[in-house]
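A single structure is presented below for examination.
Every chain is named by a letter (A, B, C and D) in the order it is written, and numbering of its residues begins at 1.
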Amino acid sequence: MTLDVGVLGYRFMGKAHANAMARLPMFFPDAPEINREVLVGRDEEALSEATDRLGFSRTTTDPTEAIESVDVFYNLGPNFVHPEYSIEALEAGVPVFCEKPLAPTMEEAEGMAEAASEAGVPNGCAFNYRFVPAIQYARNLIEAGELGEIYHVRGRYLQDWLVDPEAPWAWRLDEELAGSGALGDLGAHTIDLARFLVGDVEGEISEISGRLRTFTDERPTEDGETREVTVDDAYLATAEFEGGAVGSFEASRNANGRKNDHTIEIEGSKGSLKFSLERLNELEYKREGARGFETVLVTDSDDPYIDHWWPPGHVIGWEHTFVHENYEFLSAVDSGGEFAPSFEDGLATQRVLAAIEESDESGERVSLD
Amino acid sequence: MTLDVGVLGYRFMGKAHANAMARLPMFFPDAPEINREVLVGRDEEALSEATDRLGFSRTTTDPTEAIESVDVFYNLGPNFVHPEYSIEALEAGVPVFCEKPLAPTMEEAEGMAEAASEAGVPNGCAFNYRFVPAIQYARNLIEAGELGEIYHVRGRYLQDWLVDPEAPWAWRLDEELAGSGALGDLGAHTIDLARFLVGDVEGEISEISGRLRTFTDERPTEDGETREVTVDDAYLATAEFEGGAVGSFEASRNANGRKNDHTIEIEGSKGSLKFSLERLNELEYKREGARGFETVLVTDSDDPYIDHWWPPGHVIGWEHTFVHENYEFLSAVDSGGEFAPSFEDGLATQRVLAAIEESDESGERVSLD
Amino acid sequence: MTLDVGVLGYRFMGKAHANAMARLPMFFPDAPEINREVLVGRDEEALSEATDRLGFSRTTTDPTEAIESVDVFYNLGPNFVHPEYSIEALEAGVPVFCEKPLAPTMEEAEGMAEAASEAGVPNGCAFNYRFVPAIQYARNLIEAGELGEIYHVRGRYLQDWLVDPEAPWAWRLDEELAGSGALGDLGAHTIDLARFLVGDVEGEISEISGRLRTFTDERPTEDGETREVTVDDAYLATAEFEGGAVGSFEASRNANGRKNDHTIEIEGSKGSLKFSLERLNELEYKREGARGFETVLVTDSDDPYIDHWWPPGHVIGWEHTFVHENYEFLSAVDSGGEFAPSFEDGLATQRVLAAIEESDESGERVSLD
Amino acid sequence: MTLDVGVLGYRFMGKAHANAMARLPMFFPDAPEINREVLVGRDEEALSEATDRLGFSRTTTDPTEAIESVDVFYNLGPNFVHPEYSIEALEAGVPVFCEKPLAPTMEEAEGMAEAASEAGVPNGCAFNYRFVPAIQYARNLIEAGELGEIYHVRGRYLQDWLVDPEAPWAWRLDEELAGSGALGDLGAHTIDLARFLVGDVEGEISEISGRLRTFTDERPTEDGETREVTVDDAYLATAEFEGGAVGSFEASRNANGRKNDHTIEIEGSKGSLKFSLERLNELEYKREGARGFETVLVTDSDDPYIDHWWPPGHVIGWEHTFVHENYEFLSAVDSGGEFAPSFEDGLATQRVLAAIEESDESGERVSLD
């Protein structure tokens, strides 16, 4: 059976997922066959151009129509369209893959997770960095106890595209449209990776202190005016896990010189790990008994997903995480299996982000029990 | 017009090029339309499986038949099949893209370059590392004089897949079948990159001393016997360019701990560069007036080819070099333009490799004037 | 005039300072002449051995007697002896150099700073990392505005000597004797460096949230028993500076694989910096207009203090920071000038450490205004 | 017994050795007692100033007088004064420590080694990089077989102080005065380290091809004229060891962006090593069974010489190599034991340098059997 796929959103994420789908037959021959059936958007001209380029069969401006005609629905639109159409699809029994963060508010995120639970169909939240081979290799080490008891989890995601105070205003800087700033856009990835990597041994984050910061309060618009920035440029947090490890988390769009520096460091009684997204083929690993960190190029044929690609040392890129993610999600849809990260995972991360915001406002530590 | 493409070879290189062709429409919409028409091989079963997976329309075991029916011919077979079918295609006026090194012998390489010159159609030699954005960025710096007068060119390509003396014998270790070892397989890439990067300012290598070395003379075969290794495990060379710069070159398959470490370093009176293939998104650049090397992540939207892909910091992989290469070659075919690296470039590199072998045998410096 | 110097403490810090004093004549010929007059301790045998080895003229077990007979007094004993003898010396008009953190309690630290203020003689707190050439170079860049407006200050100090849960109990793990754990021992250095580097442009830390953590609650003693650990193994904090920058701070003695990794990162609107103590000759500097971080080897002849040592690229070590520190302090004593970091600086850092402890207990952000 | 030491030369090397001697009592209490008796030079004023600063008892302008009055003689003058006074001292039965390279010519070097052999007293050649703890740790790994069979030895020493074509002429650029350029000054260190590290398992270099290059033929003098440069700016060589390993060697004073980058890489069947002098506390080690290089900070208490210094992670500097070297040499003098690297080692290295020069001239490989 060929799965008809509908995708809402055709810009950055639409392109990343369409590319991933297009590559499955050549590299993951056991993936289910799919048909890029319909691309959903509002601007008909741009939509039409994208449909051709991204290899879809047709367009629609009506999400409901799309949902009714497909086997799988990808909700890759901006944050505020996540709840309505994701729930609509789930209620129609259509598996849904939704961008992160899951929803603009905790209430909506809870509604989505509930709908997913009731629908009983595969559902996914787009934390693609779980599908970096080096990250999966890291998780396997932790699961196997190679790091021993976990003491420290350190995650930060640094970019610099807002470092210039004269950089123009954009919709991503508006709380109504974007929900939050660095916290939701970047922090969501970090919190999810922390959960993915140490969740099985350390449980959830049980308690957190957070801080948000907007460095530039207003920015110029195209028409020569200025407009207020209503989201955070950076967040910082310190946390405790149920199992006793401590965590420190941070993200910024004002970190001069960092393009996409998503760094995760984990230290345990037996070993330690370091990872940076800008060098995503590598994992720094301090083994038990070793004297320092070893630079592991995670491109050997028995590393996660690598046998589908190229020989050792022939590095992969950022986009490959989407291929792995789509492979797993579509396989789950095809087989009726489970997929993680699910809406439940999206909700769990959102709960942490909300606690950071609450702590920022109250100045107090927030319990997540 | 849609170009019908025929490809001889369906393993590692066949897959790399088929993938590249498949990705052009989505990422390089101005590339010519192509039809993966026919895949050429000898093992019908394997060929048939590959044809489906790699998205070709049909198979043939007869290269001549393929050549006659296509607009472009890719010769991706082992070294010893390069001359015959490349020349056959060129004589038929069919543009040819051929794997490196160009040919098993200098005589054959000269024949191929001559055929290419007479045919007057686009022809390409598969030095894909020219198409790494960081390498093109590096070349632009050199062309613009940012490094000043060039003093040093240092290139080495280190792998470790033969480091175990008990690693099994394979056809790549036989001179008859493979031509040479590390020299032709890895050294060809290094010499071509040196020519690409500094050729316009320093000219060709004018004189070279070389040394070959086989560390393990015989290796076990599957049937419990041992078989002689007749190619080099490593080569070393020192050279002088026409412009006065000196070069040192090296490759090995016995460099324990290095998976695909192709490193190029260039030092000039004003600035310097370092590049490693294992971190191919990065270039280390010592600018004029700076105090040290700056790590440039060559993923900005105005970096070579990057606007076709993803936002800054979203790194690309090894395979992307093939997409860029195919884009340029097929565009040249479509427009009737020129493509580099051509057979002439393949021959120029082969001339250097032959001089290294000659010097290894004679123990004397070899002039390339 | 030759300055007679008395030093209380003859272990790690005693050796570091005695070595520094011994090296001044050869490398800093304009430093005042000094006489290592008297070494103060309790264990007469160990004291006597150290006196010979460290080049002192005589010993005493009576600090008061030492104070009365010298021109300068170094208080390098454990934390709990800092207040009494430092104040005694200051009241006698003797310049004092005291180890960090300044005192076990805020009250005592305030008493010491007050005594220093009233005495009007040079006084120093032992934050030796201010005297790393790369750190002074960094500070000069910030002062000159090369980083623009400061957004982020990130500091962490990671060691791993307690990572083994079976590592033995020691006096440093007892709150009575040591005051605090990683916070006072390591965090004091980080907070002082943050103040030193950005204090002039960002002012003091105005508000902070902190968290302490003890991973191993009890440890084995030599007699086969176990004893409670009453200090922190790690601290984490997020902060805001008066000028608007945010800071994140962390230290641990359980960071597997890190020996002495004191890292400072500062990001501003125009440029950024990174420093790690394990590579103390280097500064990573993202200049305005550059594309990435430049690795500056801060060993050129016009770099701070370097003209006293060796030619460019001949790296110095950890101990050299003590030579620079002693040079500055003793010169201030000799000339009657001022020295920083002073007791006032020690107090300012202690105020931040106390706020971190207070925040850890209350779970609330603490204002430092 | 206190050893009276005489030192010829009071500039860079004189200072480095005087400092080393001064530090022995505090850090190496079992070193023999020495008296910095006499400093030898020609410029009486400069000599007198240095004598005070470097802690010598008296000066002389007559080397012979010095030799007759001391127990040990350090010959740290320029190359051309090495043979005469070293031989004079040896013939007087005085142990000699001599700067590298041993002599201006092979004949003189042979004469010195012969004199040393006949004298039967300790004699040393100043290859101080043997005394870097990371280098000794590396050697121990190789001796213990941890790298298995050695395949590759790669050494290069890059500096950039001549990169500017307008940098002034200096005596080091004159063949008469300096012997050679980068080859003798930098290459001597590299060849000695290669011998030290792999000599016991691979034997000597048996055969070598070399190349010298002067990039800037003449340079401005202080009086507005230009003067010819008669030494090499860079050398390159490839070699074979008796045991079968291959080596590649290079040095330059025109390597823009490199201050003192002496890099050694060794690859074997079981493991590999990398070392760079600019980060001399570190060794990159690919262990058997590991997947990549591990960054070892060679500052643990059981690392070579480290227990004399500071706790783990408190890095040492370039000058410490001189302390270790002097400790070993003076201990050998005191005990009548042997010291390496000896004049014999200096001669062995000189033999390789001479072969590189010979090969550069003839264009042919030179055998060293």
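In this text, a residue touches a chain if its C-beta (ideal position, glycine included) is under 8 Å from a C-beta of that chain, and two chains touch if they have at least 3 such contacts.
In this text, all values refer to a predicted model and were calculated from it rather than measured experimentally.
The chain pair with more C-beta contacts between its two chains, of B-C and B-D, is B-D. Separation between the centroids of subunit B and subunit D, computed from CA atoms only, is 41 Å.
The distance from the centre of subunit C to the centre of subunit D, each centre being the mean of the chain's C-alpha atoms, comes to 36 Å. Work out the mean CA point of subunit B and of subunit C, and you get 55 Å between them. The multi-chain contact residues of subunit D, meaning those touching 2 or more other chains, are 258, 290, 292-293, 297. With chains as nodes and touching pairs as edges, the resulting graph is complete, every pair of chains being joined. Those residues of subunit B lying in contact with subunit A across their complex are 12, 15-16, 18-19, 22-23, 25-27, 29, 53-55, 159, 161, 258-261, 277-281, 297, 299, 309-320. Interface of subunit A with subunit C (complex): residues 147, 149, 151-152, 154, 158, 163-165, 209, 211, 213, 215, 233-234, 236-238, 240, 244, 246, 248, 250, 252, 254-258, 267-272, 286, 290, 292-293, 363-365.
Listing the residues of subunit C that touch subunit B in their complex gives 285, 287, 290-297, 300.
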